[in-house]
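Look at the two complexes coming up: chain A is in both, with chain B in one and chain C in the other.
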Partner chain A sequence: MNRVPAGHTTAGAAVPVVVTGLGTVNALAHATAAFTTALRAGTCAIGPVTGFDAMGYRSRIAAEVKDLAIPTWLPSPLRRRASRSDLFALIAAREALADSRLDVAAAPTRVGIILGATTAGMMSGETALFERLEGTRRRYTKTPLLGMPMATSADILATVFGCEGPRLVLSTACSSSATALGVALDWIRLGRVDAVLAGGTESMCRTIFAGFNALHALALEPCRPFDRRRAGLSLGEGAAVLVLESAEHAARRGASAHATILGYGMSADGHHLTAPHPEGVGAALAMRRALARSGVAPADVGYINAHGTGTPLNDGIEASAIRQVFGPAADRVAVSSTKSALGHTLGAAGAIEGLTTILALRDGFLPPTVNLEEPDPACALDFVPRTSRPADLHYALSNSYGFGGNNTTVVFGRA
Partner chain B sequence: MTMDRAALKLKLKELLVSGLRLQDTEPSAIADEQPIFVEGLGLDSIDALELVVLIEEHFGIAIPDEEVGKSAFASIDALAAYISAEQARAG
Partner chain C sequence: MREAIVVTGVGVVSPLGPLPAFWSGLCAGTSGISRSTPQDGVLTEPGLEARVRDWQARDHIRSALLRRMDHTSRMVVSACRMALTDAALVLEGARAEDAGIVVGTAFGNLSESEDFLRGLFAKGPGLANPLTFPNLVMNAPTGYVAIDLGIRGPNLTVVRGEASGEAALALAFDTIAAGHADVLLAGGVDELTPVARDVYVDLALLSPGENGGEEWSSPFDRGRNGYVMGEGAAMLVLELASHAESRGARIYAELAGYATENIPASPHDWPTVAAGAASGRATAEQLTALGMRPVADRDDGGGITLVVSCANSTRRLDAVEAARLTTLLGMEARRALVTSLKGSIGELGAAGALGAAAAVQAIATGDVPRLGALRHPDPACTFPLATRSTPKPTGGVAEVLLSATPRGGGAITVLLRRP
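Let's look at the complex of A and B:
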């Protein structure tokens, strides 16, 4: 008897998985529709840091989420207690669930949660520590310390939305939430769940701001990925949550899809704690694996949402990796960096940029690389400078690379 | 240091609002005999732990265990009575 490989239909094809819900909060907008408008307009949300005193830091700019109201739908203890990163996750997840019209209560144990994170509620922990050290408080308070662990964000989502399926918070540095989308895809293909809330959340904190400053990785002016004069990245914050489910499950409940998620590829540089591999070996391998698993040829890819941090090293190496994988097709693929508009949101970046890639496929446009004035001849790809363009896209990639050589590429297709 | 009972109750209400971030509640809107937890102000067990710390910080009075906490945190009246008694005991 021929056995069907795990995650495949009896016909031998990979179980099709679709994205039925989108939700995001970031420096550009507090919901997906407004985010789409801001993306298409080429808005840049990077400005002076206001969330904490940034005096004394080398770079003092970032893309912060501003004027965010605490949602009244949150139960009282959480309204008072949720950390900033948990709040982002809650708002994004609620939007995604409402958008998908998924009835979690109908089969709560069949709905999973996977979030990517790097520092989670670190800002809350910092505040508790400062209060203690400065003597404003003589004892540690529980609330900020509870908001600090990475696991809390998924715990809170499960509690508020009643999800009783498997739950995971993972970290692969700045590719964390791209990896989260990939693992969610696996869970669905393996039949462990019907649907997953998958995404990532990140709030600004002093520790990360200081760390990136100390590495001289932060630009003094808003980052300009792929520009000849690029001088580093700009940090950001926010969250994105996607509802992923098998196409069959979505069809059974009459849900419409924004896009399909076809596959993902991961690799490790095995090279250095912060610097990418100089030949982009890991970045290229992640793209190759993602394409192979998705059954998509490079020539069919119309758009790549680049990792595109704006650091001298990343952008050159990523462009070279794209050329290695795509060959002559690299001249026909559009590549842009969303980080030029809303900064590098670390643990949330893969999810926010995955969502951006889905919007590009669904609405037929190329999000621009904002602030790109003099394309670096050493990079030499179509980086969609400053202005978005219409495009008829069938397949698109989202690249995410993290410190330590954590590479993840996700492939999406038009629904 | 002892305090007039009415002033003590007002201070406790202000402490609840600021310390537990009850932004939507006016201190004066909390009734002296109103239950503080669950159905009263919507506080939960984590708030109880916070309140133990707040009382210790502001009055130097410990809530040694859950039994004491349960009766002391029944209402603002009960909490003020507990603090006054402890202060009197300490002289």
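Let's look at the complex of A and C:
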């Protein structure tokens, strides 16, 4: 785009937006501090599936959220009605809000909500359908189906936390919540809101597990992105929610920032519903658009949190797209995949990986690609194998690509 | 001053047929609702439904791609093709590279999800269908559009329950305003499926489940008793005004913007009527800031404000809308004309996209969609309703509001107006 986007001054400088709150629940940890520790330690949370009977599946491993109690602070009707996906979003949002110390009640209509999701409360919907097919239930009842409409998670957050600004749920497969972070940024720059709870949530369901299993896309061992022997992805679940806020609003209330969010770029492959474009045209386009809109040069980027699913096709094409965009600077940028530690969380992946990228910038480290033993020579980038390293980072990217052939790259900067 | 975003093309797949039949049918108050025929292997009892008609996907989509597509994708790709033809817009080269799409849907490809799960239940995971699975993502239609048209700009799918169509227009507006694209296809889709019908029958949401009587769909009627399920897709071509002008395009209408308002509600239900009545002022303020003008102040020969309401023939939602619109329209209530499409096309999550198509036609032609089934207007409607006997407004239609109040209370109101 040559045009100067709205929210940018004629000098080209965008209205600064910062991240003032972080919250997550995933297979590694149920809060951000513990998540940071596990991430730096290079822990892998992928193990045998326990959430449903995985007999008959080729792959029977995933990164599940374990030992999650229904929070006592949740209002009582929601304790029964919230889906697992809703619960993840609630827990992550509460942590992010507490972290940001944002007083939503001071201006409730100025706080928006945007989430990414792909299946919402599908698991209990599947159970309801199966019970009817078995004949153990003659009619559908309301409660198991309440989580099926995907917008519900956002409505629940609005109710529980009193946010009265705009709210949306995006569902663009595995790029959903990366794009949600971007749209939140646009809302702030367009002046619709001062702050946004932005993130994504995803809970395991049979449809997804059976679908990837049938496509032979699931690895039999924990996924190993960018490894020569990589053989597929591992599914995960969880949520991450960030509080995005105009820098001016944050400064006015004396809030400190974890990082800045500078811009994002979107693209479509226009090639195939599941296979990435063989030349990585869409992936490269999303990175180029994101960098251009952020005013960041490739040489200034120290870290890329890759989409890095661990499938043979994705990782090779993503590495080649990075090389196309970064040229010689590709040799100086570290690239890693968080999916090796906590699986592919689909609709939540963009938000969890965005949060990971922010931690890297804030705390000065490179999160590792956990199970990487033999880096694929065809990929040939610094994939931070197995152990994290300290690094002085100024700018970092987070890539997210989804079924349907759509791609989003988000650019973050050190606060 | 922000540059205007205009509508230059419309494509429709609907229970009344494609755009010309859709529009003439709506103005005549024609119903696209009919009785379903029993389907093999499906538990569902036949009932009223609004199924798309007079549309063949193969007329719009080349066969190699068509074979892989599900019903919702076929509807969306067809509607995009029709909208681009209507806009006389050819997307190629740099224009295709930057053009994008935003689709709203409540449930996406629910029918193949159901098939997939029935297969999983009956045959186990070893025989689950790998060919169907990629189609199950909510964004399959936008993915197919990118492949079909070769467009590489933003590729967005938004899910907002019964406000999914309005949400797509809102997101498209912001996507253009933020500079991500100069041209977007924007609209929505939802489909009829056996499982959704089973659920809504069991939950007594469909007519006549609410309070008995005959099965029908008649928004704002005193005797309404639940909704009839519908399906369809509508896509609009949105362009920055300068882009449309540079290619000499016909401009139907301006997408002036949107308002959001939180109506306190259970996250799983529509707001109460009292909450509906207490809402509307915040929306009116936002719309006024977008340039919505009182009829009396218009210096361009007037023209009514038309409201395309989400009223769906349920006791609750129609009463909420009646109360909310009374507050929202305020002094304008007597001079506005309120209608709903759902007596003609039934209820679907992306109804707002078809509402937007109708809004654009109303502005372009000066006529209005009529409530063909209406017998006894609900006295809670303090505003005039567009009925079969309502004449075509003199002075035409200057402004249209699309009003959506979804479950959870996150209301979206879209403003379209004469260019």
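By definition in this document, the second predicted complex is superposed on the first by the 406 of 415 C-alpha atoms of A that agree within 3 Å, B and C clash if a C-alpha of one lies under 4 Å from a C-alpha of the other, contacts with A are read in each partner's own complex, and residues count from 1 in each chain.
One rule holds for everything that comes next: a residue touches a chain if its C-beta (ideal position, glycine included) is under 8 Å from a C-beta of that chain, and two chains touch if they have at least 3 such contacts.
What you see is a predicted model, and the numbers here were worked out from it, not measured in a lab.
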| item | value |
| --- | --- |
| Chain A as common anchor, with chain B and chain C clashing or fitting | fit |
| First, second, both or neither for A:Leu285, with chain B first and chain C second | second |
| Which superposed partner A:Asn406 touches (first chain B, second chain C, both, neither) | second |
| Which superposed partner A:Arg228 touches (first chain B, second chain C, both, neither) | neither |
| First (chain B), second (chain C), both or neither touched by A:Arg80 | first |
| Touch count on chain A, higher of chain B and chain C | C |
| Chain B versus chain C as contact partner of A:His394, first or second or both or neither | neither |
| Which superposed partner A:Val169 touches (first chain B, second chain C, both, neither) | second |
| Touched partner set for A:Asp155, first chain B, second chain C, both or neither | second |
| Lowest inter-chain C-alpha distance for chain C and chain B in the superposed arrangement, angstrom | 8 |
| Shared chain A surface residues [contacts with chain B and with chain C] | 77, 81, 139-142, 146 |
| Contact set on chain A toward chain B in their complex | 76-77, 80-81, 137-143, 146 |
| Residue ranges of chain C touching chain A (in the complex, touch as defined) | 2, 68, 97-98, 100-101, 106-108, 113-114, 116-118, 120-122, 124-126, 128-130, 133-140, 142-144, 146-147, 149-161, 167, 170-171, 174-175, 177-182, 195, 198-199, 202-203, 260, 262, 265-268, 282, 406-410 |
| Residue numbers on chain A that touch chain C, as the complex places them | 1, 3-8, 56-57, 77-78, 81, 108-109, 117-118, 126, 129-130, 132-133, 139-142, 145-146, 148-152, 154-156, 158-159, 163-173, 179, 183, 186-187, 189-190, 192, 206-207, 209-216, 266-274, 281-282, 285, 293, 402-406 |
| Chain B - residues contacting chain A, complex | 20-23, 42-44, 46-47, 49-50, 53, 56-57 |
